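Multiple structures are listed underneath, in structure tokens.
Look at the two complexes coming up: subunit A is in both, with subunit B in one and subunit C in the other.
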Partner chain A sequence: MRTDGARRRPEPGTIAVIVAVGGFVLLQALMWLGVLNPYWQQVLNLAGITLISALGLNLIYGYTGQFSLGHAAFYGVGAYASALLTRSLGPGAGTLLLGIVAGAALAALVAFLIGLPILRLRSDYLAIATLGFGIIMKVLLDNSDAVIPMMGGSSGMSGIARLTTFPWVFAFGLAAVLVMRNLVFSSVGRALVSVREDELAAEAVGIDTTRYKTLGFVIGCGYAGVAGALYAHLYAYLNPFSFDFLKSIDVLLVVVLGGLGSISGTLVAAIAWTFLLEGLRVALPASVQDWRMVIYPLVMIVFMLFRPGGIFARTEFGFLKPRARRGKE
Partner chain B sequence: MSALLDVTGLLMRFGGLVAVRDFALQVDEHELVGLIGPNGAGKTTVFNAITGMYRPTAGSIRFRGREIAGLKPHRVYQLGVARTFQNIRLFRELTVLDNVRVADHHRGEAGVLHSVLRTPKFRNEERRLADRARELLAVMGLEQRESEYARNLPYGEQRRLEIARALVSDPKLLLLDEPAAGMNPYEVGQLMELIQFVRERFRLTVLLIEHQMRVVMGVCQRVLVMEFGEKIAEGRPEEIRANPKVIEAYLGTSEG
Partner chain C sequence: MTYFLQQLINGLQLGFVYALIALGYTMVYGIVRLINFAHGDVFMVGAYLGFFALASWGLPFPLAIVVAMVGCAALGVFIERVAYKPLRNAPRISALITAMGVSLFIENFTNLNFVFGPTPRAFPRPFAVRTFGLGGVEITNVQLIVFGVAILLMVGLSLFVGRTRTGRAMRAVSQDRDTARLMGINVDTVISITFGIGSALAGAGGVLYGIAYPQIQPMMGIMPGLKAFVAAVLGGIGIIPGAMLGSLIMGVVETFTSAYVSSTLRDAVAFGILILVLLVRPTGLLGKSHSDKV
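Let's look at the complex of A and B:
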């Protein structure tokens, strides 16, 4: 009995691809014409990487409702693992791909090992466990040179090949968005959200909540691993500072500002936030950098007071919605 | 023939407080049984023990001959025991349709990979889930509401949505915890008819908690009365009405 006018329109997936290809060609053209100089190209790449990482955290926190304070540590796992791999195997597109896969897999595995025991318990233990994991990771990375000299310890790891280019970031960013869209608009996605909404009620309707909390956490951390691997080969240098607690808060801020449970929100916020930070870095003196930890909480508080749902408040761009739902919401 | 649900010697202790003691309950297939008693008598605690929300301190709970005491709630549900909550617990930020179809998720087989790749298996399963959920929404008179957020429904519709959600996965046994709470007499009458109807249509066995005695008297074949964690009476409605212990338990509550 449903008269579904939306059925006649092109599939949102098609629109998403058109938007994506168009965006890619436009950005490539801007680079080629020199409008986007190498510095801003680098920022654009960083924005894409931030997007991938933040999508992962949004899956964990925004969709599944599990609060993680150690997202950057999983990002670090992906970064160091992939860097070790490409340095050992020699640079090349193949080894970068392998490095990304390995970085994602290792981050996901570590998440599984941490998540499985912790996520049986109440949600708030995950925040503590991931906070602890972040601190342990920092200590391990600071002293990594004692075991693996190549990792450089607290002075950082250098000699990584610069393999991450804009097409790589774009391809993975696009894949990250589409995979996330297909995941959250599916029965599995609804199971994840039911856990966020009411864990007890989810159990009462047959959802194995421990399993789905772990699933969301593992996939989300896998995203962080991908982002970390791309990051490592963008700057060719890794420092433990880049993966500490403040970095975890960075990503959290992007997710909250964009809107918990909105892919579109994370997309917009990741790009806007990265460019804003870089813009401020260029425009303002270095001492302002020290104020980040004052500015962040303020921004967070302002949003929580005036727009608690973030910019997108659980809505999506049309092309990020599945077909059957369009026109009915 | 053994009972569909067979609870014996149930003891539920919280620290020093004994919420339910020496409780027994047998429900046969297709029966509609009422569980009544004053507030705090231990009715909800019995439901929580049956559905795996609480692990019984002692006692046995058998469903279709199988011991289910101490199983996780999702396992109990998957075996065919569904419930509603005294204080409605919907997924407030999910749509009406999503609330219902997520409760059928466990029967699906398309996991993450099929979802991400949008395979034919995934599409078929999504269609099946949506069709089944819409069928239940139609039964509950909510088919016009499927795209609303659950939190935006009026109270009576939220109650009906919770029942639709509990029915979507073809349970054998339905536990309703004060479904008539907060309704006016007209709505209560309609709800009772609805419960009768779904019981016939889905060949359900129903266990119904109510604290107003009047409500269950009309529909239940058998009524159990609890007070202070113990069963004080059991029988046909007219027997219960005449039982002096029951009258005493309800004295002063003006609900006899």
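Let's look at the complex of A and C:
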């Protein structure tokens, strides 16, 4: 990293917050003026939710190096938990906030219980175990109405209040990015990266790898829980089908396209990818709609073959970097 | 008891189909350490090739199996050359993500209307179904054919891997690729042959699946593919007899879950077994354990 010239600039995080708030005001104004119609507002919200979920997966896979194919399961846990809560307590801003917190907490708790045993597994074994967990979770959700009738089982859960609005998504998206930035550049973040780079060496220098792997996994799944809670109250309807294996691959694709271990990459890829998919839905005639699903895996293959590091390849926007200090790096 | 034996036979029928898929998974994993997610889709293509051979071209049943096997072998080798070979020295997860991409591509491409199309098709039965009674237990000629063809192919594979020069080269590459290359083995060719054989077996599995459960559609390979992989892990991935044993166990357990517990829970049970095996004995039933080396 270059250190020259960086000293006189203000704290990069400050600029980021100013730019973000400016962007928020601009987007909100566009919505008021009716330039952004409800359809695109929905897409914007979806992009924010994808961003939060993908940041979580990036922490698990991109930074900690633990390949998870079950991310959508935790997203589903957050969605159902929060929806149950707001339906039981009545709709409102307070219950939504409570629902998001509860969704995140439950997703993190499940991640902790599942993570303790399965994070001992390495690379593709872990991948297949998390995939298995995802499928089990979907089967449980499909049969959930036997235990809690309100969850609706395979026919889906309806009657959820439509509480998620753009300010909610924006606030949580911004918080997610800032928390992630501070986390990955802290000593904890360094420890997570060391586990990714070489588990044996990390252990040799005194890093409790099991603890950090679990920590990364739990926080990442907590992010998925937040995203799920926002999703539940955006569409007001949940179906186990939305949390299956393919959904996990969706999120993985965003993380891989953006760049493993890059917050900027996830940020750009989550927004660009959501808008691209929706844009193609509008732009393409109905007869070639099916081709979207053909192009999508091709993008995945081409990126892996020609640019495995993703768009950003572990670099960051200036405002997401820690302040350069003299004498270090 | 009769019901139990009947379900056992049904379970073995499913298990033999899984076995033909699992063998390809396990052979490929043994040689290139890659979970070839697209393998389940090769199985699906095999079922469609069998369908076209029987329904459109009017070929006899044994020839339909040959067509499916040859077509799938070509597809498998093509996939390996185009998508996996360039990534042979990349991180394992890059190859894994590519494999998922290939899998999704095959599913969604064949789902297009001008290819196979999303509508399920009825698989033609080239012969009348006959049922034989055996002390109260019934067995159909379809089941006998599934058992027979699967056993024949597995014996053939064992002989090939165990007795031929190419088979020996395959075993050498799976033990140590670099040393095998130093011994004058053309590693690229051996890997292609492995993909070819594995895919051919999956193709035969697809046709057998078609006559046993006569409805096919482009997404049909996903679940059998994943479960066959679980079976390969259960038996010990990379070990050929392990894949056969694991598959038969999987097929029987799944059928028993449907019969005695609940058919909606059978996927959960299958993947529950997977997680349990990975935690308790990650090397599988027939595998030998070894720890990490620096």
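What we mean here is this: the second predicted complex is superposed on the first by the 302 of 329 C-alpha atoms of A that agree within 3 Å, B and C clash if a C-alpha of one lies under 4 Å from a C-alpha of the other, contacts with A are read in each partner's own complex, and residues count from 1 in each chain.
To be clear about the criterion, contacts are C-beta pairs under 8 Å (C-beta built on N, C-alpha and C of every residue); 3 or more make two chains touch, one makes a residue touch a chain.
What you are looking at is a predicted structure, and each value in this text was computed from that prediction instead of being measured.
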Partner chain in contact with A:L200 - subunit B first, subunit C second, else both or neither: both
Touched partner set for A:L140, first subunit B, second subunit C, both or neither: second
Which superposed partner A:R190 touches (first subunit B, second subunit C, both, neither): first
Contacts of A:T209 with subunit B and subunit C, given as first, second, both or neither: first
Touching partner for A:W40 - first (subunit B), second (subunit C), both, neither: neither
Contacts of A:V256 with subunit B and subunit C, given as first, second, both or neither: second
Partner chain(s) touched by A:Y235 [first = subunit B, second = subunit C, both, neither]: neither
First, second, both or neither for A:N182, with subunit B first and subunit C second: first
Common interface residues of subunit A - those touching subunit B in one complex and subunit C in the other: 200
Residue numbers on subunit A that touch subunit C, as the complex places them: 67, 117-118, 120-121, 123-125, 127-129, 131-133, 135-136, 139-140, 142-143, 200, 246, 249, 252, 256, 290-291, 293-294, 296-298, 300-301, 304-305, 308
List of subunit C residues in touch with subunit A within their complex: 33, 35, 83, 86-87, 90-98, 100-105, 108-109, 111-113, 226, 229-230, 233, 264-265, 267-268, 271-272, 274-275, 278-279, 282, 292, 294
Contacting residues of subunit B [partner subunit A, same complex]: 51-53, 72-74, 77-78, 82-83, 85, 89-94, 98, 101-103, 105-106, 108, 110-112, 115-118, 122, 125-126, 129-130, 147, 165-166, 169
Sites on subunit A touched by subunit B in the complex: 179, 182-183, 186-191, 193-194, 197-198, 200-209, 215, 219, 261, 314, 324, 328-329
